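Remarks on the structure that follows.
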Amino acid sequence: MSERVAVRKTYKLFIGGKFPRSESGRSYLVQDANVSLASRKDARDAVVAARAAVKGWAGATAYNRGQILYRAAEMLEGRREQFVALGVPGDEVDAAVDRWVWYAGWSDKLPQVYGGANPVAGPYFNLSSPEPTGVVAVVAPAAPALLGLVSVIAPAIVTGNTVVVAASPAAPLAAVTLAEVLATSDLPGGVVNILTGRLSETVPTLASHMDVNAIDLTGVADADLAADLEVKAAENLKRVLRPAPVDHDWFADPGITRMTALLETKTVWHPKGV
Amino acid sequence: MFEYAPAPESRSVVDIKPSYGLFIDGKFVDPTDGGSFKSINPASEEVLAEVAEGGAGDVDRAVRAARAAYEKVWGPMPGRDRAKYLFRIARIIQERSRELAVLESLDNGKPIKESRDVDLPLVAAHFFYYAGWADKLEHAGFGPNPRPLGVAAQVIPWNFPLLMLAWKIAPALAAGNTVVLKPAETTPLTALLFAEICQQADLPAGVVNIVTGAGETGRALVEHPGVDKVAFTGSTEVGRAIARAVAGTRKKLTLELGGKAANIVFDDAPIDQAVEGIVNGIFFNQGHVCCAGSRLLIQESVADRVLESLKRRMAQLRVGDPLDKNTDIGAINSAAQLARIRELSEAGSAEGAERWSPPCELPERGFWFAPTIFTGVTQAHRIAREEIFGPVLSVLTFRTPAEAVEKANNTPYGLSAGIWTDKGSRILWMADRLRAGVVWANTFNKFDPTSPFGGYKESGYGREGGRHGLEGYLNV
Amino acid sequence: MRRLPGMTATATSARSDLSELGRSETALRTFLHGLPGVDQVGAEQRAAQLGTRSIKTTAKAQAIDLAIRMVDLTTLEGADTPGKVRALAAKALRPDPADPSCPHVGAVCVYPAMVPHVAEVLRGSGVHLASVATAFPSGQAPLEVKLADTRAAVEAGADEIDMVINRGAFLAGRYKEVYDEIVATKEACGDAHLKVILETGELATYDNVRRASWLAMLAGGDFIKTSTGKVPVAATPPVTLVMLEAVRDFRAATGRQVGVKPAGGIRTTKDAIKYLVMVNETVGPDWLDPDWFRFGASSLLNDLLMQRTKLTTGVYAGPDYFTLD
């Protein structure tokens, strides 16, 4: 009896909840798979999708966002073996699931921890609350392929931002597989968009895009490129998260700064009177 | 008729020296490069003092002094002792508040009633507030061991010279940083008097350094490789340049930039208070306020009535001598700013908006601009999009709450917004949707040291004031 | 939706006929509750801000003389006697016997029983004679009694009547009852001017003060007055500010000008001048006249006189040099 012929997976982009090929029709070979080589136009389309998703996602209740993120962790857990098959160590998948769960729980706690009433010297109600900044461009770290990716996506979206992620060119398969997890997690289309391909094609477009509110340069290893992207980001005063140090320990407690760096604080005043 | 006789505040309370050096390492020193400029009274164009212009060498000296003070004295000092110095400074500011207020009005042109009743009380309160944080940083919510950044480079604008200094220096010092601050070139005098207050408080040398000068001095400061933190308040254009300048460095950056705030009046608003809020929103400090309510959005059904009340109220505004206790609107800070206000106002007329000012006699010398409103303005007009930074209000109308939100958010800025309505649920609905860092509902232009202030979008990033204000000065 | 019919207009173009409102409880309620709200904090801040005006030299001298002319020199005590009120009336005519240039006050204000004694002294002087009526200060008497009280005071020589509104009815939302009482009292006044006391200290909110002001004006009051002076909270600057805004808006809507009288708690020249500044900047010079603005006060007059003397002589005066009546 001959061996069963496998059905291979096509690795595509993840934009607006759908899996399109690059509009450029190009691909590149990674781990024996053809992966889409995203173009500037794909980056543009991803920003449009991310922007369209902001209203619903930022407007969803924190409880609802937490539920959806937790659901994503469940899906991730279920696909553990797929990631292992891609070469992601089992303990890294476990850590990624745990991290996703950890961030899921923050959705309805961060506004309490990071916001609050301010005791102003006058007859006023005064409350500061964090709000998502909007569309965030994220350059994912090359390694660890899955944990690094989860560690930059989850903190950005749990508070209500939407993201356009430039996956590491060296590790796109984990990214596209994660997209499949997200696509089956009740996450609204457009909240997470993932581009594979060369950073040099997509990231400068994202850094200079005037409808992107923040950029996370975590995965940019080249210091000159990072500086150049930060200069581009200054054009509309994007919030910038600078590259992570090379020795960054992705397994350590991440703290809340990845979330707070992508938040705005809104302070509302109202007089107290009869 | 009830004419108010002049009621000038005495300027003899302040002793202005003919010339000032730079304040570096606890002493006033001459600039190495030897330049100087004049600070004038914008209400009379009289020269108040000759002020040193710091060059790159002076900036370097100041940064080195700040670094040494950070490493040897201020960094290692226990928080409770830093607190005591800040409390001491707060007290001295209170004790010398009239002197500071008069000097602020002379150098800036703002009415004495504002410098006396708004700026100075807030300045002292700011130092008091952050003094209390100095020994409690581990409880501020930024982790168990928050550390200072090092040397902070701070560049401040001319609209609230001493208040902006307080917003910058108080949290920086409380968190354990040392600072080099550059005041605006048109308003350096209260910062220099503050330097004397640091001496009076026996603040260790080098903890606070004040380097006066113009744009080039500021550039040298923010670009200096020895600074760990840059804080800037001013125009979006300069903020952008600073963001580019610090790109790729370790410097932590906070920016508090321009605004084009919408002040939204619904038909069920408390009209009389709304009119006060509109007036305060745009004419406070001659409109030289980044969070000024410079776009008035009135619901169409009450537009005529609100405008009628507004015009009647504007006719009561007293423009003139900043030192007169009855002056509501003082002098425009500089000839350059006056030219910009005129240019944009002329653009408003040219683009077809209808211009109105109350009858108003302006002094002959000095820089003055009558309180002005433009009606019939649309979102496409320059005066509805660009920050004028003067006493000029653009009036637009809307029909529904959703339209008000859409128009309010239709700007690259996002610093502040105002809402006037008696309906609580509508306030909260609006506040949720307005993309602005401060939302004043049924009030406007309120500030407090405990309340974070700062913008969305191109109005900058980071917050000043409150617990949030510490974050920009800590390694978190 | 809040509407003030016709208020959008410049003074002449669109005056409204509001006379029909008093015909039904519903119409009155709809109208009064449709008035713009008052934000307490904002109103108090505006009043405080006006209080920081610095009035010096010539402006101060002018303000003091105006304030003297606006004083309703008042005594409303159970212990009042003909002798006491005659002395007060004499002081009203010549507040500073040492200075003939000192103007006389606006009016003398007494209980109805004292009116005849005051009338003798004031006759022909130009000083008005005001009498509280309508079962002052509580107003808790049958309407007929209140109207009889009013008529008696007018017949005895009062040309101004200070009535109290029925606060119980107002707070219970029976606006028509309050309205009808004011209409009836106005009728009982004949030619005498009617000042309607809102007793703002019992109305609890500025929204109520604004509504009560409009109610009193709609019903025909010639003046609206803050207080009886018999409850703990009397006139305050923000209450007066809200009432001034009401008379301003009422004139814009109807063309009829109504006066304002803060009463109680105004004791110093400084306070009085703050009120004048508020009048000046809220309703303008049309109201800066004893016909349109009064102070209900007793001890205020002596402080005004002391300050007046200080301005003329340059030295601070002492209370021993002014008459206590």
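All chains are identified by letter, namely A, B and C, in their written order; residue positions are counted from 1 within each chain.
Here, a contact is a pair of C-beta atoms (placed from the backbone, for glycine too) under 8 Å apart; a residue touches a chain by one contact, two chains touch by 3 or more.
As the structure is a prediction and not an experimental result, all values here were calculated from the model.
Undergrad: Report which interface contains more C-beta contacts, comparing A-B against A-C.
TA: Taking the two pairs in turn, the one with more contacts turns out to be A-B.
Undergrad: Taking CA centroids for every chain, report which one is farthest away from subunit B.
TA: C
Undergrad: Comparing chain centres built from Cα atoms against the global Cα centre, which chain wins on proximity?
TA: B
Undergrad: Nearest whole angstrom, what separates the Cα centre of subunit B from the Cα centre of subunit C?
TA: That pair's centroid distance is 44 Å.
Undergrad: Using mean C-alpha positions as chain centres, tell me how far subunit A is from subunit B in Å, no decimals.
TA: About 36 Å, centre to centre.
Undergrad: Could you work out how far the Cα centre of subunit A sits from that of subunit C, in whole Å?
TA: The computed centroid separation for subunit A versus subunit C comes out at 68 Å.
Undergrad: Using the touch rule from the top of the page, what residues of subunit C touch 2 or more other chains?
TA: Correct list: 39, 41-42.
Undergrad: Mind pulling the residue numbers of subunit B that touch at least two other chains?
TA: In subunit B, residues 442-443 touch at least two other chains, as defined above.
Undergrad: Two or more other chains in contact with one residue: find those residues in subunit A.
TA: Residues 122, 124, 271 of subunit A each touch two or more of the other chains.
Undergrad: Which residues of subunit A touch subunit B once you look at their complex with the stated criterion?
TA: 113-114, 116, 118-122, 124, 126, 128, 133, 213, 223-224, 226-228, 230-231, 233-237, 239-240, 255, 257, 260, 264-271
Undergrad: Can you name the residues of subunit A that touch subunit C in the complex?
TA: Going by the criterion above, the answer is residues 122-124, 271-274.
Undergrad: Residues of subunit B touching subunit A in their complex?
TA: Residues of subunit B touching subunit A: 125, 141, 143, 236, 239-241, 243-244, 247-248, 255, 257, 412, 427, 431, 434, 436-443, 446, 448, 450-454, 456-458, 460-461, 463, 466-468, 471, 476.
Undergrad: What does subunit B use to touch subunit C in their complex?
TA: Answer in residue numbers: 1-7, 113, 117, 267-273, 276-277, 301, 304-305, 308, 316, 325-326, 422, 442-443.
Undergrad: Provide the residue numbers of subunit C that touch subunit B in the complex, in ascending order.
TA: On the subunit C side, the touching residues are 1-2, 4, 7-10, 36-39, 41-43, 45-46, 52-60, 62-63, 66, 242, 245, 276-277, 280-281, 285, 288.
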